[in-house]
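One chain, chain A, appears in both complexes that follow, with chain B as partner in the first and chain C in the second.
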Partner chain A sequence: MKNLVVFLTVAFLLWGVLAGQVALGLTAEEILDTMKEKEAHFETQRIQGKMVLTDSKGKSENREVVMYSKDEGDDKTSMIIRFLSPAEVKNVTLLNLKSGEKMYLYMPAFKKVRLIAGSSKKEKFAGTSFSYEDFGESYNREDYESKLLGEDNANYQLELYPKDPESDYAKLVMLVDKEKFYFKKIDFFDKDNNLWKTLEVLKVEEREDGTTRFLEIAFSDLKEGSKTVFTMEKIEENIPLAGDFFSVRTIQKPSL
Partner chain B sequence: MQKLIQGILKHAWLILAVTVLVTLFFGYQLRHVRFEDDITKYVPQDDPKVSFYNSLSDRFGGFQKKSMIVALEFDDLFTPQNLSSLQAVVDTVKSLPVVQKVTALTNMPKIVTTEYGIEVREVVDILPQTEGEAQDLRKDLENDELIWGKLVTQDGKGTIVMISFYEGVDEYKATQEVEKAVDAMSLPARVTYFGFPIVMREVSKSARENMALLTPLSVVVLLVILYIGFRSFQGVFLPIFIALLASLWAIGTAASLGQSLTVISASLPVMLLAMVTAYGIHFVNRYYEERSKSNPENSVLALENTMKGVFVPILMSALTTMAGFLSFLTADIKPLSDFGIYSALGILFGLLLSNFSLGALYRVYSPSRIPRHFNHQNVESGRDRINWFLETISRGVLHHKTVVVVILLVLTVIFVVGIPQIHTETTVHSQMGKDHPVTRLLDYFKERFGSTDYNYLWISAPQTRHPFVLREMIRIGKYLGRYKNFKEASSIASFFADLNKAVEGWKAIPASQEKLDNLWFFAQDNEYIKGRISDDGTETLVEFRAEETKSSELQEDLRRAEAFLSQRPKRVKPVSVEEAEGKNYLVNTILEDLVLFGLEVSSPEVLRGKIEEIVSRPWQDFVSGGEDFVAEVIKDATLEIEDLGLEPQEVGDVLKAAFREGIPSGEAFVGKLGLDEESARYLGDIITNSVERVARNHKVLTLKRAVEGIVGKNLGEEFDFVFYEVLDEEVYVPSQDQSAFTVEYQITGTPVINDYVNGKLFSNQLRSMFLAFLVVFGLLIAQFRSLKKASLGMVPLLLTVASSFGIMGLFGIPLNVATLTIASIAIGAGVDYNIHFLSRWYGELRLGDARRAVEHTIKNTGRGILLNALGVAGGFYVLGFSQIGMLRTFGPLVATVLLLSAVYTLLLLPLLLHLGEFVRENRIERGNHKA
Partner chain C sequence: MNRRLNIVGFLIALVLGFPGLALGLEWSGTVTGKASYQFDTSDFDYGVTVNALSTLDMGEGYYLHADLSLKYQDENNFRPFRLNELYLQGSNAPWDRVDFKAGFLELTWGASDVLSPVDVLNPRPFSLSMDSESFKDKIPVPAVDVEWYFSDTWSLELFYQPYFMSNFVPSFVKEQMILGSLASFLPLVPEQTSVTIEETAPAVDFLSPIWAVRTRGSVGNFDVALSFQSGYYLSSFPYRIDVTQGEDGSTSLAVLSGYPRRSILGLEFQGFIEGLEGVTVRGDLAWVFPEPWIQQIFVNGSPVSTASILDEPYWKASLGIDYTHENFYINLNYLLGNPFEEGENISPYLYLVTNWESEDGKWKPFWNSVLSLSDGSMVNILGVEYKPKENWTTSLSYSVSSGAPQSRLGGLSDGIFLEVKYSF
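And now, the complex of A and B:
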């Protein structure tokens, strides 16, 4: 009798654990939601960093940039990106308002700001492997249909389908860290389902609040054979910025 | 010799078996025969000009070495559906693994100017969705010189897609892949393909069709003529068969070694047929002669005597001819040296086949009867026309020397007079003829898209995106554009000028490196631009359309281009315009550029004075507070004004007041328009910059209007480049300083390289030909052991070669890679005729007097020579019906040269030989008479 009770208790506990495991399995959308929660959130941010652009022949070029960004709500971000070096791009400054609604480029030699039209979002940004569109992208359920392809001890693998019909990509395959819920790598596939680009997170920082921050990312264009590695050397968050900081006026100033 | 002959007779079956086996082997190898003619591979790959040309495809993606073109002709290109079809073609071709780059209308850089924005996009980004948008695009592109007339036809119906392949791909296969992919698309357009493999394919196909039709015809004519001569199947069939076998063995050797045929070596079968037939004819001729002299049962003896009689002459003839061809080994041009080797091999095979195999055949199979007409022992009893003709020649040489000399002199003078009129021409028109499909293909592209060939100006500098370099590119392009081989220059400079127009309103190159760097920011990712500048920015290309011209015109254009480049400054240093040297240089530059851009200047001093006056005035002189000036300033600053939430009108009013009151624009807005001080100063800075920009524009416009006033006409946008220079604050003047900014130029391109290689080909051919003459002369000396005899043998040979060039000059047959081999054929045939004639002559001389020697040599050996010349010539005249222009002239040319060779051998040689004997005999007779 005693043995039967012990047996039933153990069986019940085991069942509970197993059932719990089944209940704990996440869907792709839930994974995306969790990733969003785990993202470092900030009102404003200033990043000083370095870009290393490597072309198909292995020749590389370094550029130093400073970036300001602001969360405008509704998943939209405004950004100012100013090149600090090399000399030929010094002080060329890009203003991206609300994730590409309007984009401006300041050309210091001409002392002039020019509007860049919205359809240029797919253009490569300043010789890097990123497009303007890639810069402001966030991967969430609102913008993507998603499917869980599989998982192992360390990672989830998701497949994402852009809802935007004008997207250049047919699908994305994303590798998500199971513990910290950040994407380690994204493979971008073109309309013929050929692998086109990859975005890889090379270095992350876990913050005290459990959110993660990227410190180094690499974006590769396999068709062109080019790669851009962006290293964030100094990050400041929630810095005070004037209400009209993200404006045509600001990007014309000699110092931001 | 006797042992060899006995050996042949004893092992006849074995020899025949080996002949059959070797024939089967080489016949099997023929399936590997390829026709491939990349002229850049003609010279050693370390040739500086060719290796430079080849290296450009490594450094520049836009350099079209391995490439093809797809032309699409729609009813109207500018409809949404047809533009989408074009984009579909681009996407399909781009996805092929062999394709490195695709340039088409849809991915050309398009500089789009909006109210206060610009961008550089690819045309595909703005593919129209409606008919209206499509027509707007058309109107826009009609002004784009990178696109209209180049990528799009003038009538807007056709467009081309230019495809570059990776360096390592097989161009032929890559072309087929593209054709297959595009053909599968069912496009609403007529599709035409163009590229080197396609041209070669058409040429090969055409050559095969022609040869398939004309070769049997040629052979039939040859057979008929030989039959008239021999009246015997063997006499007809065997010599040709030997020649064809020798040809097959030679080409089979090339094929088994993996060598491809070029246009030079493609004449090999022709040439071998011309020369090797003679060996067979001599053998058969002599065999019938010996058979006619001996008992019918003694055919083996007749065969032995035949071989004794012809073995050495054929051997010597073959060795001499081979030595002549082997002299081509000294050529730099690989196809030429290959031609020499395989020709020599072919002659060797002909020698072996005619002496060994033919001998073996007659041993195994001895004809029971010889032709009844073939009986020359009794000169009077010879009945056929050939005998009659040969008798006439013999009588002429013996009894009417003056007449013969006059005939020969007249012939020689007529032909030699043509030599100075020889011209070289390597155009497709001259090679293929105007109605050939390849010529029509080229004409189509030329008519619709300008051209299919490009020349390039390569430029090297520490930085090619430098104001001095970019401006020089525009100037050089402008100057060279007047010449057919350097039309429609396009380069990164053209693109920068277009971009500057979008930013500053002037289609010109800024003088400031910083401005150029900022403009580069827009352009750098465009494939068209990236393909025209090296990765490190130190090299760039200016691309020119090259119309197909004659070689002489190309060379003249090149000479002028080189002359122009030689006087351009190559080492420069910057000098401020504030200095007298700088100012003078700027004024001179503007004046020279006005002339360069096509302005006719009747009063240069007046113009110079005006230019100097305006150059001397600072931009501040052109600031005015007038209504129009202020309006322009406000328009220039509209983006910033609206960003501040202000109305342009109100800002304009404040600015006008500031001008009236003499307040600097930087201060004009403080305390005005409800702006705080910082915003007011910001607006002041913006307006100050705009004032400067507008004032500078006015300075340029002032110069433009002043020049227009002096010359009395309006000047278009093409002169923007010149007038904009008035804003320069520093100029680049020539300097001897070694550390100064240095530029290097070199011209290259397919037409240039083709012409260069053809020139080398000619010089190589001529050199080899002279060497062949020397070698042949040396061998004749060795054979006859007499300088006099060898010299006599050379005279008809020299005259034949000279006359063959003379004929070309008289009849306007151009010298090209194919017709140049005529000298080799003339030497080869001439050597053979001469050696046989001389051998027979000296043999007959030992048996009797000179008169008898003349008669017998002419009527016996001469018969073989005549039959060979007539037969082969007849066959080659048939090529005059060919569809291919080159064959149409080459065939009859070969035929005429062979006949000439026979004429000189039969008329001149006996004349020269007999003259000496005749004079000696006359001297003896006179001596006897006196006695």
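And now, the complex of A and C:
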């Protein structure tokens, strides 16, 4: 019995060392690369979902959205987001071309499309905890200096420093699932290194090809005490979209 | 003609609206209550507007869109029931690269945020308010608008309007304007002066329509559009005023007015400049070519004045720059001419819009200011928007003007305004 205990202890320690060596063998950049490989890949996508916005007093509002996105290559994504409800923001539509190269907002009440300025990308979109910028964000080694802070049996912990000097954030601390290589949580720190926002993955789907897709995420603004939970209710992938779909023409259409 | 079209629109709305309700069409809209108090005149005004719109998806890229409003206000209740819009829309229809709208349309041209000089396809109802809601209020016109997307980023738009419709200006305002224009050389006592105005609408029909063409697209960081409009001024200009002075001291004015022809060459742009983070530049330029317009004044049958009201081509402009930082927004516009100024009356203004939104998005204090660069008169509007709950918005503002009574803006009355809006 004693030998068995010793064996198991040694085996456990050895497994731990080996696991550690595997982990040590992965740099933060490699973890980011693997995460990217494990992301569900699609050319085009349509998501219909629901947002629940909760303010600092605990009051909640529901918003329904439809989102279209397209992989433009070079880590760039074009996206259209339209609010379907509530009435005061119905059909307000955002067009984000190539991860923020150009952004437009269509407000039906004004019957015109406005080009949005650079810093407007940091504004919140239609009362959510998301900024326009957050909608188009991806976490690549090209955009962040990264460091492996530590790990446990289930997760890696990375620290990311934005390369963009105009970023609102001093750093991001990211918790990455060791097995499936998706981020479970990201803490966003402001320029004074105070925790500002958190992004949590509440529900994830693992697909047959081993990639993952988020089904429910929560975005919290800790300074304001507000929170937005986004639930993806209907997802369609690789749908046929016209070459000029991601355009100011499309966001003015009565229905998407 | 306007009244007949409105009745036609009303009947169409009834025919479509009630079956629409019966068919369970989805309607959305707003209920807006407004109240204002003018300190100078102790005038209290109030009103309620119900606006409802619905879009019926007819399939194959075709839609039927209806936008109706029911408005009650204590005075100057311009068309209590209004058909705002009613049109058939084709999206990628009838051809893939073509969109169109046909019916009673409200179109917005121009990139600038305030008082675009190219946004003159639709006439407007009368308002003394300086808020953005009033600026976007328009009267729909029967028209067809077709846009052909000949590339992924460029399009060509054609606008065709076979009936003329004018701005709505209440009679008492027209009379005040006539009296004001004569005040410099003819002393008139308003209480002893009667005014009759006869307006002649221009001969617009299917073969002699109002029309416009615009091409727009992207050039680098800028979206630009070039347009040409061929139509008429939407407010009338007197061409003959007969003044008859009675022996009892009374005066009667018989005014004949018309709508001069005009063509407008327009340029619109909006974009950003690399290195100027947070700054967006927007602007519209209009080069207006008027039909020469002569105004003659007769006193007791004898000509006393002949003046050229419109003569040479002239510029109007709205050039703006806006800056956004966190929750703070500032927009500064240079205006050359306001909607009531044409020809030699054009004058420059600065228009400032600033607001700040609270972190929870519920409070938005704002300060809007208009400064006449020609005489220094000014209007300042201070206010706050508050969103107590989902779909509810309230706004309270205080407006104060400065400058001589005859200056561009000094004559506007100081007042307080309250608005409550519910979206459904």
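The rule we apply is simple: the second predicted complex is superposed on the first by the 232 of 256 C-alpha atoms of A that agree within 3 Å, B and C clash if a C-alpha of one lies under 4 Å from a C-alpha of the other, contacts with A are read in each partner's own complex, and residues count from 1 in each chain.
The definition used in the following text is that contacts are C-beta pairs under 8 Å (C-beta built on N, C-alpha and C of every residue); 3 or more make two chains touch, one makes a residue touch a chain.
Note that the coordinates shown come from a computational prediction; the quantities given were computed from them, not determined experimentally.
Chemist: Output check: A:Pro254 vs chain B and chain C. Expected answer is one of first, second, both, neither. What do you get?
Modeler: second
Chemist: So, does A:Gly243 touch the first partner chain B, the second partner chain C, both, or neither?
Modeler: second
Chemist: Tell me which partner A:Asp192 touches in the superposition: chain B (first), chain C (second), both or neither.
Modeler: first
Chemist: In the superposed arrangement, which partner chain does A:Lys203 touch: chain B (first), chain C (second), both, or neither?
Modeler: Once the two structures are laid over each other on A, A:Lys203 reaches no partner at all.
Chemist: Looking at the overlay, what does A:Met107 touch: chain B (first), chain C (second), both, or neither?
Modeler: first
Chemist: Applying the document's definition of touch, where does A:Leu115 land relative to chain B and chain C: first, second, both, or neither?
Modeler: In the superposition, A:Leu115 touches chain B and chain C alike.
Chemist: In the superposed arrangement, does A:His41 touch chain B (first), chain C (second), both or neither?
Modeler: A:His41 sits against neither chain B nor chain C.
Chemist: On the A-aligned overlay, A:Val92 touches which partner chain: chain B = first, chain C = second, or both, or neither?
Modeler: First partner only.
Chemist: Please report the chain A residues shared by its interface with chain B and its interface with chain C.
Modeler: 55, 59, 87-88, 109-112, 114-117, 119-120, 122-124, 127, 247-249
Chemist: Which residues of chain B touch chain A in the complex?
Modeler: Of all residues in chain B, those touching chain A are 95, 112, 114, 116-119, 121, 125-126, 503-504, 510, 512, 514-515, 517-521, 524-525, 535-536, 639-640, 643-644, 682, 686, 689.
Chemist: Sort out for me which residues of chain A touch chain C in the complex.
Modeler: 55-56, 59, 61, 86-88, 90, 102, 109-112, 114-120, 122-124, 127, 166, 223-224, 226, 242-244, 247-249, 253-255
Chemist: For a test of understanding, state which residues of chain C touch chain A in their complex under the given definition.
Modeler: Contacts found on chain C: 28-29, 55, 57, 63, 65, 89, 91, 96, 99, 106-108, 110-111, 136, 149, 152-153, 155, 221, 223, 270-272, 277-280, 282, 322-327, 359-361, 389-391, 393, 423-424.
Chemist: Touching residues of chain A toward chain B in the complex: what are they?
Modeler: Against chain B, chain A makes touches at 55, 57, 59, 87-89, 92, 105, 107-117, 119-120, 122-124, 126-127, 192, 247-249, 252.
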